[in-house]
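Both complexes shown next keep chain A, but they swap its partner, so chain B is in the first and chain C is in the second.
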Partner chain A sequence: MILDILMNGLITGSTYALLAIGFSLIFGVARIVNIAHTAFYMVASYIIYFCIQKLGLHPLWASLVAVIVVTLAGLVSYKFFIDPIREHEGAVLIATIALAMAMQEILLLIFKGDYLTVPSLISGYLSIFGVKVFYQQILTFGMALLILAALWALLMKTRLGLAIRSTAEDREVANLMGMDESRVAMMTMGISVGLAGLTGVVIVPLTTLSPFMWMNPLVMMMAVVVLGGLGSIKGSFVGAYILGFAVTLVVFLIPMGAYLKDSVALSIMILVLIIRPEGLFGVRFEEER
Partner chain B sequence: MGIFGFYLKKLYTIFKGEVLVLPSRVVVVLFVLALIFLPVFTENQYLLRIMVLTSIFAIFAASWDLLSGFTGQMNFGHALFFGVGAYTTALVNLHAHLPPWASIPLGALAAVLAGLIIGIPCLRLKGTYLALTTLSFPIILIGLVYSFPDLTGGELGLSGLDRLSGSRLSDYYITAGLMLGLCTIMWKITESNTGTIFHAIREDEVAVRASGINTTRYKLLAFCLSGFFAGISGGLYAHFMRIAGPSTLDMSMSFTVIIWAIFGGIVTIYGPVAAVFILYPLMEFFQLWPEYRMLLFAAVVLFTLLYMPDGLIPWLRDKAETECPRCKVKNIATRKKCRICTADLD
Partner chain C sequence: MKKITFGLSVLFIIFCAATISIPAWGADVIKIGVIGPMNFLQGKGHWNGALMAQEEINAKGGIQVGDKKMKIKLVKADSNEFMNVTDATNAMERLMTQDKVDFVVGGFRSEAVLAMQDIAMDYKKVFIGCGAAHPELCTRVAKDYDRYKYFFRGTPFHSGNLVKTCFIQMATVGAILKKELGLPKIKVAIVAEKAMWADPMIKAAEGFIPKMGMEVVGVWRPSATATDVTAELSATQRSGAQMIFTIFSSSVGIPFARQAGELKVPAVQVGINVEAQKDGFYEATQGYGNYVETLNTYCRSVEFNELTKPFIDTYVAKYGETPTYTADTYAAIVYGLAPSIEKAGTIDSDKVLSVLEDSVYKTPSGVVKYTKTKDGKHLHDLTWGPGYTTSLGAQWQDGKLMGTWPTPHWKYKDSPEVNYKGIVPYKIPPWVIDYYKK
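So, the complex of A and B:
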C-alpha cells in the first residue's frame, strides 16, 4: 500500500512536473497562457499509438517521430496563430483554447472516441516487499527525472538557457542586451511543446488514450504552476510532487477518492494562495501585480 | 389629435436625430424588432429552442464581460456561477416546489453568495494567478457533486424540474425579454459611475486606490453582480432544459463563455451578446456536418481573431463609425463633418 502510493505519487508528480515546467517556460518568456499545452501532449501520445499499432514501428522510433512532429506542430501553430496576435492577451488566450479544441476534434475524427492503449516498452515487474512494481513504472519515473535533469542543464549551463532565463526575468532589458526576443520566444515555444511531447512519450504506456485526455492534466498542470509560483522552475517541480502525492493519497485512502482527487488538490492550491498569493517560490514583480 | 400629433412628431424627430444617424443604433433597433416579431413569421419549435438557449447564453456571456472585461479580473471559472444558479434553482424547485419565478431569483442569490465566497480569496490575486485559481472552483464543485449523489444526482444531475412556462412561445418571450432587460441593466451599470470605477480598476488599480476609492469593495461588487446575472441565466437554463447536471459546471462551459466574449469584443456588453447570437446559431447550423462541428467552430474563432484581435463587434463598429476628434461624439463613417459640432472628421 505505502509502496503503491509512493510509486504512483512519484509518477503522477513527474508527469505534472514535466507538463508544468513546459507551460511555465513559455509563460515566463512570452507571457502566453498556452491552454493547448496538454493538447500537444495528447497529440504526441496518439502519434506513438499510431506509429506502434498501425505502422509497426519500434517504440523508440515512434517516440522520436512523436516528439519531432509535435514540436513542429507547436512551432507552426505558434507562427501562424499566436505570433500575429501576441499583443492581445485575451485573443492569444482563446486562440490557444481554439487550438486545443481543434486538436481534440481532429483526433476524434481520425481515431474516434474509443479508449486506446499502447503496450509497455518492457514487460515484467519487480517484487519489493510483496508489492508489484512494474518495470515500465520505474522506466517512466527514471526517464522523467532524466528529462528534468537535461532541462536543468539546458537552462543553467547553455547560452540559450541564459537567454531564456533573462527574457523571462525582464523582456525589455533582455531585448536591449541584444537578445532577439521573438527568436527566444520561438525557441522557448519549441522547447515547451517538445517537453509536452516527451511527457506523452514517457507516460503513454501507463495511460489510456482518449481525445478528451487533455482536460484533466491541464487543470492539474495549471494548479501546479500557480502553486509553485508562475515562471519558477523550482516551484513547478516542488508543486508537482506535492499535488502528485496529494492526488495519489486521496485516491488510495478516501472512499470515492477518484471523484474528490481534483477537488482536494485544487483546495490545497487555494489554501496556499490565500497564505502566499505569489505561490510557493514565485517572485513578486511590482509592475505585474 | 393636436397634442398626440405633436408628441408623435417629437418622437419621430428624436428617432431620426438620435437613432437613424448611427449604424450601431439602427442595428440594435432592428435586432430588438427582429426578436419581437420572429414568432410572427415562424413558430418552428426547433428554431425557437435555439433562440431561447441563445438568449440564455447571451446573459451569461454579458455577465462574464461585466466582471472580466470591465474590472479585468480574468475569471476562467465562470461556469461556477452558472452551475450554482442551475443547481440551486433545481434543488429549490424539486424540494420546496417553488415555481420558476421564485426559484430562479433564489438560484441567482446563491450565485451571488458563490461570488462572495470565491471573491474574497481571489481579491489578493492578480492576473494569471487569478485566472488559473478561478478555473479550479467549478472543478472542486464538480468533485463535490459527484461525491454526494444523493443530494445532487451525481453524474445524471437533477431532472424533472417544472417547465419555465406553458409553451415554447412564452418561453421564448420570457427569455428574450429577460435577455434584453438584463443586458440593458448591465450596460447601464457599466455606463454609470460604478462602471467608470470598474474601468479604472482594470487600467490602474493603484491609481484608483490612491484616489480614495475602496477597490476591494468594488471588485467584490463586480463578482457579486456578475454572479447574479450568471445565476439567473443558470436558473433559466435549468428550468428550460428541465435538468441541472454537471455539464453546467464543466470546464468547456467556462471556456466557451470566454470564447464568446472575446470573439465579440470585451468591455462592451453588447459585443458578447452579439457574439452569442452569431456563434450559437452557427454551431447549430454546423450540426449539418456533426463530425466537423467543433472543428469548424474552432477554425471560425481562430481565423476571425487573426484579422480582428480586438473582437468582431468593435472591429465592425470602427469600420462603420468614426469618432469626432473635437467633441468625441460618434459619427457614421461616410460623414465629412461631425453631426454635432461640424468639425472636420478624419
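So, the complex of A and C:
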C-alpha cells in the first residue's frame, strides 16, 4: 500500500503543481490574483477536444493550437480586462472571476453539459512494483519537472527573466530604471496562461471535460499556493506534493471518506497557516526579493 | 403633459398585467412544467420525452376535459440542480407563480427534488418525479398525506428497489464468475459516489451481500464529480475485489469506467452507472467502458411490451439517441396524467390525483401501479417486480449497450416467469478471464 500511496501521491501532486506554478508566477510578478487561471486550463482542454474529435487533428497539433490560442486569449484578457484596473487588486480579483464565469457559460452554450473526454497522448500503463501507472500520468509527472526546470532557466538565464525578477522585486524602481513594467506583466501573464494551456495538454486525457471543471482545481490550486507561500514558485511546487500526498492518503486510509480528500487538504492548509501565516516559503521568498 | 404621462403609465401597467394574466384564464390549454437540468443529458431526456408526449397528444386534438378538448402546453424550467439546489427551487417557484402551470414532471437529484417537492406541495400541484430515487420522496406522502399527496414517483424505483435489482444482477453475474473462473467466494468492493441517494443503498449492500455468499472487501466514496479515481482503483485492486458494485449517477462514472478499463483492473463492474446508460458512454470512455454493466431502463434491442419498440424507435428517430430513464416524462404525461385528467373530467389537482393514485397503467417500461404501506396508506411509489417494472441489466458489448438481465425464464419468488425480447448472455471482460485463469 505504501507504494500505491507514493505513486498516486506523486501523480496527484504533479497535477496540482502544474496549475499552481503558473498561478503563482503571475501573482509573484504582477500581484494579479488570476481566478480565471483554471478556466484557461479548461478552455485549452476544450480546444484540444474540438481539434481532435471534430477537426480530426493529431493530438500534438491540437495541443499546439490549444496552447497558442489560450496564450493569446490570456494576453487579450490582460490588455482589456486586467491592465486598466490593475492598481485595484480587489477589482482584478472580481474581474477574473467574471472572466472565468463568462468562459464557463460560453462553453456551456457551445458544448452543453455533456461530459467529454479525449484520448491519451500515450495510451496504456506501466506496472511499477505492482502499482499500475498510466503512461499519461508519467508524462504529467515529467512535464511538471520539465516546466519547473524551464521556468527556472527562463527566470535565471534570460534577459526576460531578469526583467521579470526585477519587476517582482520592486515595480516602481523597475519603472524608474526604464523597464516597461506593464509590458513585463503582460508577458508574464502570457507565460502563466500558456502554462495553464500546457497543463490542459497533459491533464486533459486523464480527466473528464465539463464546463464546470475549472472550479475544483481552482480550490486545490489556491490551497497549494497559500500553503506554499503566495507568489513562491518553489512553495507552490512543494505545497502541491504535500497536498497530493494528503489526498491520496485519505483515499487509502479512509476509503469511506474518499470524498473528503479535498476538505482534508484544505484543513492541512489552514493548519499550516495557523502555525506559519506566510505559508511554507513565504518568508524565504520575501527575503530572496 | 404630466396628466398624459400619468395616463400612459396607467395604461402600460394595465397592459402588462393583462399580458401576464390573460393566458392563465383565457386559453384552453393544460400547462405542464418540465423541470430538470436542461444543459445536461438528464434534463434533455426530461424535455424530449415531454415534447414527444405533447406532440402525440396535441396531434389527436388534445386531452378530453369534460366536454372540451384541451391541448398541452409545456413550460421548460432549467433547475441547474447539479450545480445549485437553490436554482432548482427558484425554477420550481417560477413555474408555480409566474408560469402558473397545472402539473409538473421532472427533477433529478434527490437533494433538489426534495426541496422542489415542498414548493409544488405548497401550491397543491401534482408533481410526477422522473429522476430522483430517494425513498423519502414517497414516505413523505404516507407520513403527511394531506400535504404530500400531490407527489408521485414516475421513474426510477426508490433506491431500496434499485439496490434489490442490483443484488439480483450481482448474484447472476457472481454465479457466472464462479462457474467460468472457478472462484470459490466472490469478493465485492462497493464504490459509491458521495450523494444522498446512495447512502441507503450502501447500508443495504453491506448487510445483504454477505447473505448472498459474497464478501464485502471495502467501501469507497469518491466525489460525484471526481475526474481522477486512480487512487480508488489502486485501493480496490489491492483489496482483491473480483466484482465492483458501482453506485454512480454523476460524471464520476466516466473516469471510473475508463480508468478501470485502461488499467485492466481484474474485477467486473456491476451496479448503477447512469453515464453508462447513455449512447455517448463508449466514446466518452474512449472504448474502455466496454463490459461495464449497469442497471438501465431502455436498450434499443430489448422490448418489455408492445409499447417499448414504438417509443424507442420514435425517440431515436426524433432525437438521434436512445432514451434514458428521465425521458419517462413521456410515459408520465401520456399514460399517467392524460388518462387521469380525462377520467376526472377536470384539471383540478385533487380530483386528478385521486384518479391517478388508484390507476394501473401500461407504459413502455412496464406496468405502473402505485404502492401503499402495509397499513394501507398511499405512498405513490412504484410497484417493483415481474408483471410491473423490473428495469434491465445492460452491458456494453463491443460498443453496443445490450440487455443481459432479466435472463430468460427469470422468476422472483412465486411470480410468473419474465421473458423480455432481446436479452443476450453476459460477457466477462477478457482481461478478467486472463487474470483468474492463470
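Note that the second predicted complex is superposed on the first by the 278 of 289 C-alpha atoms of A that agree within 3 Å, B and C clash if a C-alpha of one lies under 4 Å from a C-alpha of the other, contacts with A are read in each partner's own complex, and residues count from 1 in each chain.
As a working rule, contacts are C-beta pairs under 8 Å (C-beta built on N, C-alpha and C of every residue); 3 or more make two chains touch, one makes a residue touch a chain.
Note that the coordinates shown come from a computational prediction; the quantities given were computed from them, not determined experimentally.
A.B. asks: So in the superposed three-chain picture, is A:Gln137 touching just chain B, just chain C, both, or none of them (first/second/both/neither)?
C.D. replies: Second partner only.
A.B. asks: Looking at the overlay, what does A:Ser236 touch: chain B (first), chain C (second), both, or neither?
C.D. replies: Once the two structures are laid over each other on A, A:Ser236 reaches no partner at all.
A.B. asks: Looking at the overlay, what does A:Asn8 touch: chain B (first), chain C (second), both, or neither?
C.D. replies: After superposition on chain A, A:Asn8 lies in contact with chain C alone.
A.B. asks: Can A:Ile270 be said to touch chain B (first), chain C (second), both, or neither?
C.D. replies: A:Ile270 sits against chain B, while chain C stays out of touch.
A.B. asks: According to the stated criteria, A:Thr117 is in contact with first (chain B), second (chain C), both, or neither; which is it?
C.D. replies: Once the two structures are laid over each other on A, A:Thr117 reaches chain C alone.
A.B. asks: Considering only the touch criterion stated at the top, classify A:Tyr259 as touching first (chain B), second (chain C), both, or neither.
C.D. replies: Touch status of A:Tyr259: both partners.
A.B. asks: Answer with first, second, both or neither: which of chain B and chain C does A:Leu99 touch in the superposed model?
C.D. replies: Touch status of A:Leu99: first partner only.
A.B. asks: Now for A:Thr167: first (chain B), second (chain C), both, or neither, which partner does it touch?
C.D. replies: It touches nothing on chain B or chain C.
A.B. asks: A:Phe27 in the overlay: touching chain B, chain C, both, or neither? Say first, second, both or neither.
C.D. replies: In the superposition, A:Phe27 touches chain B alone.
A.B. asks: Need the overlap of the two footprints on chain A, from chain B and from chain C, as residue ranges.
C.D. replies: In chain A, residues 108, 256, 259, 261-262 are touched by chain B and also by chain C.
A.B. asks: Which positions of chain C touch chain A when the two form their complex?
C.D. replies: Contact set of chain C toward chain A: 37, 39-41, 44, 82-83, 193-194, 218-228, 230-232, 234-235, 237-238, 251, 254-255, 258-259, 262-264, 275, 280, 284-286.
A.B. asks: Using the touch definition up top, name the residues of chain A that touch chain B in the complex.
C.D. replies: 27, 33, 35, 81, 84-85, 87-88, 90-91, 93-95, 97-99, 101-102, 104-106, 108-109, 215, 218-219, 222-223, 225-226, 230, 256, 259-264, 266-267, 269-270, 273-274, 277-279, 288-289
A.B. asks: So in the complex, the part of chain A that touches chain C is made up of which residues?
C.D. replies: Within the complex, chain A contacts chain C at residues 1, 4, 7-8, 11-12, 15, 108, 112-120, 123-125, 131-132, 134, 137, 206-208, 210, 212-213, 216, 247-248, 251-252, 255-259, 261-262.
A.B. asks: How about chain B: which of its residues touch chain A in the complex?
C.D. replies: 121, 124-129, 131-133, 135-137, 139-144, 146-147, 251-252, 255, 258-259, 262-263, 266, 291-292, 294-295, 297-299, 301-302, 305-306, 309-310
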